[in-house]
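Each chain gets a letter, A, B, C and D, in the order it is written, and its residues are counted from 1.
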């Protein structure tokens, strides 16, 4: 248990180190709680044993009274966080599985984004909601959604999606510091993934900025979460075939960094969106629509690699693997455009 | 009170009559409850006084024991409806304002669409959820959303949107008869609108079929709900300018009738989506994305007339009017494409 | 304990609320207020009495039936009228309307149009006060019908477990919209529901402002001393329908008339030994104030889209 | 009332469940079961005893901790193993997995991975039975921690108001995931929460299968006679961690050992006057059955995408 806390503690601030995505989350929480005593972590079983996904290791010991286990009542404890946030605290709420976000539907759709507005701007609502989504874990139909686009049509919210350890660290810190409510999605299939993280202020992500994780000239791949990881792998494979793919980790769905995507597609003329969600109603469709409305000159029509529109996520391991977009599927979609 | 029930009763089955959108809802409920005694209506205050929007006039008297007032607990009474539906009944649940759908978030996102699937297809879930959304009523930030696209990315659900009295009648009957869970959205700004309705079997809408409400050759306008109404008015105005607009009332967001839209845009080469929602994450973006991915040949880039992405719905009447897409705004967007 | 001067101020405030809401009806007819309103006529002793027990730095959350509570908390009547008319000078800049009267400077953190949503916010404010080492207290108001929604129990349970300094006020006016309590609610006394969540619950005569003030004072004191949350059920009645469009035909005959005999304004007036003339004079004076204030409020501009854009995001 | 033959069948069934779940652990190690599982070891008397009180045409809903309940209801063990291995022959065609054991033909309408979600479904089934003029009853199982979610209260209230023939069984195993009851729940006895929703609640020794059977029998009888819903709190304990990855280090020393002295299988065994040899023989026989069944289940194919597509929409 303590090894992870130590691992993140040993890191020299400001330096780039390799952390797992899990350690990156832990480091972000540690660093924000260290710097700002108004920051709290709350949620179900967030304290004991480092939390269900072991992202919170060492925090309850290090910040006594600031890591709060809640009863099972997602809607209410997000509301509680709102009340805290408008009275001087900066709560970070953990929603264990993104599939439990709808349980808190009212708090997320009607309260968090609207609270400031309805008051005529009298207050701000600096609440961060972390939630852990995504497939590959064999958790079945009710525990495997990314949920990333469920709330993207809600002005008043900001929405971040972490595709790498650097994103997990930088986005979470940015979310906590933001004056507005931020939903931040982590992917449970990425916790063990290692990658470089700049610890400290320099590593904090800019709000609303996508990240070009690999430059390329032939085709743009836009992705989030686990698909960001797989898109990088797909770009490797494509490189071997002589195709130069630019990989963008979108990082924010609201604000949506359409400018970065547009600039890339203006260069490549080709686009694949790689998304662990059905296409309909999601960010992938939004990206393609906005580029099209903006009059982009498609070299060939864009493609989406998505979850099937006519299926739900099954438990059966081979079927789960069959429906979640694979590295190969992403690479093939990109190749097909050339 | 009784006048409305009488009005709908006087209608000769099979004949086309002019009904208000409100009367059309009432007629659909009456006809289905008459034909199938397994059909129930339940929700908050659905019985007394014809319900909050007076859509249910006469039903509690006519079908005693089959119009059930519930306590205030949206999530639970949709769950109750699921339990009824898998044991032989066909409940129609009324959610008074679409903004209360998130209160029932778990039931709508995790239970309704997944129930049959998780069981391996052992049962079907014939629940209809009617919900009343939309602006222009000065109901403010928490009572004015259409909510129509919130759940469109959920396989397992069907989603209907009624833009005319004929749609209100035909879609609701189709929803009640369907073996799968259907969310059907009504618009509170349309209840007084009159239009032709074919009462009886012939008036029942086909699942997943959009309706071409006006034919045209220059530009396609796709819309739903109140925007369907305004798009028709916009088409009138355009006709006076010599522009021939085809108006499609989408009617279903899931299944989405992309074929009808594609055929129209292949003819016109131009598209405006008119939507009372922000563009991001909605059906409008999905339509444009799918057409673009399908390689459509845009004569000019499509446009969206939508709610602003950076605002919430204000109470102040002049501001509410300013942000909801007007007939003029739709007509202008269409003109601009020519 | 309470001086007669204070009690006279309560009386004034209750009359203000009553006449304010009468005026709202008028403004509706004139087309100056649109949408919907939920009047609290008949329930004024609850808001005025309960809020009298608060300190200026305490917190509260209210509901769509919140005109009385906002005025009781001292929100400017002009800002309230302006809000109802959608003016930039409204207490929510004109974007909130009748259901969202808010004044954060007075600790009035929000008014909620979704049943139950204000409770967690009050619990959060209370926990926050406690964590920050202050002795501030939070008060939250809700209706009887609203105690059937899960958030109610969730909030009570969390308040208990975290020993939050919060007082839950249930205004039991016997109806939730058109439904009588009995038809939707498995208990007759909402106070029963407190025990299921480990907190004390008691029943108070909501028409008797002294009883309200005393009960809330005690509960607030308890919370302030760190002894935890409590729930008070105020038995009361709304003289009007649920909302503007509701003629309230579902009420049994004579019910309204019986409750009008226990009009909280009359009841307090009687104990103040105000002569009929005194009462009439006071009413006239307040009517004048209300009319003048509404007129002033009318003259303010509506907000611009640019102005309200700043209300969406803080950064 | 209950014959010793029936009680021996209960004993057998409890041993089956215990050994089934042991085998699940093994299959996990072999990589044949993936994802997560939530074992009910230690709680077998609740599922077996409660379900013994049902008629074949009654309804029930269960949770992610539902292996025991499904087996108790007579779902084929082979279908259960197959489900855990993601095979087309699984009780949910392989798409559900451990958390969703369902068998509609046996009235087992669903198993829910979202806390609270099964309760409304059971209430709906009960109301449905009543509206259709049958005397069927619904039973729903849930945990102690789950009584903090709003849906719990909402469902109880609706059941009361509509007099639904439903029995709520709370399996109070003292923990919700890693959190001891006390840390998250404002009452020590969940039965307290029934009153807040107008229904009778009582406490039952969940390790004593005769007590469980009797209490549930009474509640089911009451429901069947049209006398309304009730809640039973079963005091019990899980011998394993919350889920596969939880070593349950948060338990105070000696707690598990103390509860193991009240292993429901041992307790029932003692009253059956089975000799040690008899018990060992029975166990061996069942172990053989479990092993053989698992082997058979293994050999089934996984479903195809085409097959499971038909599970999404009925039309």
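One rule holds for everything that comes next: a contact is a pair of C-beta atoms (placed from the backbone, for glycine too) under 8 Å apart; a residue touches a chain by one contact, two chains touch by 3 or more.
From a predicted model like this one, the values you see are computed outputs, not experimental measurements.
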Moving only between chains that touch, what is the shortest number of steps from chain C to chain D? 1
Between chain D and chain B, distance of the C-alpha-averaged centres to the nearest whole Å: 40
Can you compute the centre-to-centre distance for chain B and chain C, using the mean CA position of each chain? Integer Å is fine. 36
Using mean CA coordinates as chain centres, what's the chain A-chain B distance in Å? 32
Chain C residues counted as touching two or more neighbouring chains: 92, 94-96, 100, 112, 114, 148-151, 154, 157, 161, 183-185, 308, 311-313
For chain A, residues contacting two or more additional chains: 70-71, 73, 75-76, 99-100, 103, 106, 110, 117-118, 140-142, 155-156, 308, 310-312
Does the chain-touch network form a line, ring, star, complete graph or other? complete
Parts of chain C lying in touch with chain A, wherever the complex brings them together: 59, 61, 90-96, 100, 102-105, 109-110, 112, 114, 116-117, 119-129, 131-132, 138, 150-151, 154-155, 157-158, 161-162, 308, 310-315
Interface with chain A, chain B side, in the complex: residues 99-106, 108-110, 113-114, 117-118, 140-142, 149-150, 152-153, 155-156, 254, 256, 277-290, 292-295, 298, 301-304, 308-312
Contact set on chain A toward chain C in their complex: 40, 65, 68, 70-71, 73, 75-89, 106-107, 110-111, 115-125, 155-156, 158, 178-180, 207
Can you list the residues on chain C that touch chain D in the complex? 148-154, 156-157, 160-161, 183-187, 192-193, 195-199
Residues of chain A touching chain D in the complex: 44-45, 48-49, 52, 69-73, 75-76, 99-100, 103, 137-143, 308, 310-312, 314-319, 322-323
